[in-house]
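The structure under discussion appears below in the form of structure tokens.
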């Protein structure tokens, strides 16, 4: 047993799912981490919290490395005497590589560094995508940063009113549906905007996420202020013989994703044709027809028959904006702003969109106002105008139902200034 | 040609649809109306307006009959010298009988009265449902009212911040789908609340409308602050042989409502089963099955096969509240408040609902605030509470997605008052 | 005895309400009330309802300009006396219904109705308005009687109904098409849930009648009336109490004018028509829907409003060609997607059509599902 | 040369960004990138992707507690060195993926992974998390590191994953079920679009630390932080500048505490868990959806949160029985109607679940369509 008596946490060592308690204890046991007492004291303060049911962490002050306005989250506990090992317990956000592939060499070096300067504990990964090094003291920060940049050629991620660490799905690296290279886009955009990422210049945080297709494996439509979701313009590629194979039962539908339950024989009518949200598919018993003009590329049929159907070849991305969590005005999903944009390096088209949007937001946004909130406050019309794009019915699910149109004076013949006298000449009181 | 030169209006005498211009001219020609010059001058001022494209009517002052705060809309034109016949041109709202059946005897008497005291012009009917007598002068009002009440046993309708004239669909009088007697309900509620109808005591107008079924032929869900829409609890009555007749093509679907176009042979799968919004119907080639528990009584299948399907026999109404036009906060449709209420005379159940809602609205409503707007301002929870009914998922299309719950202090163990000292004892600054 | 002006309260009768509907029910209706089995539309405008008793009632529906003279109503009474034992009714959409209790009585009635015309040629009692067609237009007062309209009502309705008259006497559309007109945002026609709505709108902020406003209006009420808080107190050079309107914040709802006669909005070129489509009231298949603005503005074009008439006609034509049987305009637009609606109708999608009011966010598209 | 504290700017390196992902791609991935043809899930946690070249990559996915020690990561590296030529990756839901380029290499890898356990018995690398099952829970810091939580994160996740472990290693649900946890309304887990969301909420208004608030906080910022304008300036008896909260207007969002450390909300009994269901992110069939609140409050029950675990399990069980193949929880609830969802799950529908925020009206039922 560890330094503290932790009966409740010990109970969490039971059960099949990996126990973070066992893991922290094992780290404590090694004693290799710079903050010797940290793992034990973390368990100690957590056990105390399990008794009190109120967190024992305090607001973090401004903590960081020289010249950066982000990347470190300051954190202090409110029982430093009892738990000196975690009295100061700041986290370090390390910018993960695109879609989180690693060599063991790099990981071992990074872990060695973290043992050398921290608690030996991490989050793999943070919700935004960073490698989160969990808990160290201020005096370790500069050294950690210096060695990380010099020896690992690795930079920090974002926090505060900055660009946050962009993230992407694995895309073309291991997925047949990726409509553009999410990894390359994510990497290039991250490097293009290093200054915005490290030095707060925004009203609030800003997040990019890159999904290779509408399945949304990196949840960009819910979790990023600007979301790039792969799509295609031309026709779904069909291999009719493979379709027949699915119908014949030679291949499991949906890549075997339902294989542990007997759902009966595959029924293409029921499982594909009738579920197509646009009703643009037809199956005549021999061949599958798709009226691609009416397809909204929802991915369902491709998901069900990956061997038979593939996205078109004229690919790019849709750009959505404004997703965020509920604070303050309620959660938002991304709104479709640019239906289709090419996604080839050097990604000039999207950089143009990004910069116009940022200029507007930095100009008009209030303190702690996300761009999605600004869109609501200043209207979608306004955003479209600053992006210099035309209104498009694809931006809305339906036209307005209220007749409260804000006409502009220049749209109304004769303008707005009128002389009441002229009116009264025709209309007595 | 009439007294005034009206070339534009004369153009509206052409074309097949009944010409209100021809009709006004024919009334003018008879010269029988008390306001001799009214029809001609009405055409005159309208022709002038067609030139100016701006109305020539002014705000109406407070005009009415003694003791009533509604029923008359005052109206004056802004060119009295040019059009003396319509200088004063008030309308009289006459409370129509349930679903607007008339004997010629009654109509002739009413028309005689209107010739005797007015312009000889009417609206059959106003948007709320009244017989609208279009245009007379103040001095005629009391006489008109006196004779109407004494000789025609007929009262005025509503206007102003009153209960407005209730209205109903024809219901059981000539429709096989009526789930309750809309005419009787409309008549009894109208008489029960005569005081509210004639004497302004509300923050704003209030409208009742009675639809016999979800088809909504009197548009109550869009046009009334409180809407009573017929429905049933038990099973749809099926006549399988009649179903077969439809399938066999012996009977036209939808009561022949599509007969002037060839839509091909009736296809019960396509036209009924697949259009059922709940997918609760099945057709095995011989008999039609309905899983009534899942039916939401949308009426589609009954509409398509009126001879085969009939509503259940355990009937009543759903009560919806808050419908209104867009001024001010945007249009509203009625919200489902009471899923099912019996609708038998003396209609005590709904009177109870009505009076509780009114008490709340008269207590809390601001000037010119419709009850639907109050519902939005003070929440649906509040309305439910004043009606003393339990929250029901049927009242919403979905539960809230935001987590911003306004907890009440009595719901939270230990209440809200806490001592910061106790907190600090465990949590240092 | 007659009314005595010197003693208005003398045996005064009040609060008696409407006449009891039962006095007015035709015998066949009275007898079979609540016992109807089914109905059929025999031809446009002609319905039969069959009762459990085997009795039948035949209904002939005719269109009517809602603005009606005593003279014309008397003529309708003549018809009812001649064929319907002195009974008739009006529908909730301002059509007239003549009912007879035997099939044999239908033809003579219909023939008579079809032959009645105004001297200038228009029908007095056009038969139709049933089933999957265009029935009468629910409408309001307009320039004939109201002080707040942006457009006329009766004239526009006459022009549009002349334009779609074929559909009034036919049942060849995918479903019923309900057209409504309201001459200002007060929407007395409750057009907000119509298949096609013709709505009068203003586009110029109210003028202030500085000399009179303080005499004619309760200034605080006018200020409070504005949903966008665009109205503020002001003083004229001459020192009179008055108001000013921040035109940038004005959305032309006219509520201030409703409260204050010294703030007129109506303008020869500023006021006109907006077209909304896709609303419905019935709960059939889909839930009731609001109509959506698809044409933000069409100028007033008396006497025949040709642009408006053509817009309504072409929307109906495209719909008739493209929609499925039973599909209302709104259901059709949602199935094909609004981007397709604008493509097929050829209507331009302008910034005016994007919601920017209270619930704007809920109308934006939060999905990658769209059609190129 | 090493870091020099006296001259931090000396050959300082900044703005270099992350490592280039290409350095980290396994050869078979690098070679076939962008040329994958299709995939198949061979068994829970084991995927194969086939490339145009005919090459195959086999992926073994294992669950992980997101809070990980250096020690455990090194062990993962050992596995990757032994079987995967020194490559591995993490998924967007905090699982680890080991990839091999030949089918023959799969079994030894899987067997090895399944045998690795912590001394106390829990798996280090449980295989699963694919297809129509329950994968790892996306979560946040909770009591392990944050100052605003209403609940713990790691402990709740461990308890819930133990409870649904069977579904992690199986693919027998109608569709994927994505569970997420956020320990306060800031929702760092972005749980607002999850099939099942476990959300920490407060129910007591902030306390005011009168003695310190003016020293610790920018009072105007705290006032401005409140979305309901519940916070007003105040003075203590002792005359210190402070704030007061109108508890009636407080909806416990915690934004004031985020801005001001002297306004703590967290409470032993006041804070706890709300359960939301029916959200989704993919555009598959239906558009992305928000999760809806179906259980307004469950107390904190460390260490195993039994009520929460059972709630999640029973919702999944009812869904598994009742939903159609491919149907996400939200699609299922909408098809059967929310009234049925509450009936089938046995969850009570209380006033807390009715929206009363900005878009409340848009969530009310404007139709007669409902199920008894």
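Chains here go by letter, A, B, C and D, matching the order in which they are written, and residues are numbered from 1 within each.
Here is the rule we go by: a contact is a pair of C-beta atoms (placed from the backbone, for glycine too) under 8 Å apart; a residue touches a chain by one contact, two chains touch by 3 or more.
Everything numeric in this text was worked out from a predicted model, so none of it was measured.
Most remote from chain C, judged by the distance between CA-atom centroids, is D. For the pairs A-D and B-D, the larger set of C-beta contacts lies at A-D. Centroids built from CA atoms put chain C at 13 Å from chain B. With centres taken as mean Cα positions, chain B sits 48 Å from chain A. Each of residues 185, 192, 253, 261, 267, 269, 283, 288, 290, 357-359, 361, 366-369 in chain D touches at least two other chains. In chain B, the positions touching at least two other chains are 52, 54, 56, 58, 214, 221, 277, 297-298, 326, 330-331, 333, 401-404, 423, 427, 429.
Put simply, chain D touches chain B in their complex at residues 185, 192, 199, 201, 203-205, 207-210, 212, 216, 247, 250-253, 261, 264, 267, 269-270, 274, 276, 278-279, 290-294, 296, 334-339, 341-342, 349-357, 360-361, 363-372.
Residues 283, 287-288, 358-359, 361-362, 366-369 of chain D are the ones that touch chain C when the two sit in their complex.
Touching chain A in their complex are the following residues of chain B: 52, 54, 56, 58, 78-80, 326, 330-331, 401-404, 423, 426-429. Residues 214, 221, 229, 231, 233, 277-279, 293-298, 318, 320, 332-336, 339-340, 376, 379-381, 384, 391-407, 409, 411-414, 416, 418-420, 423-424, 427, 429 of chain B touch chain D in their complex.
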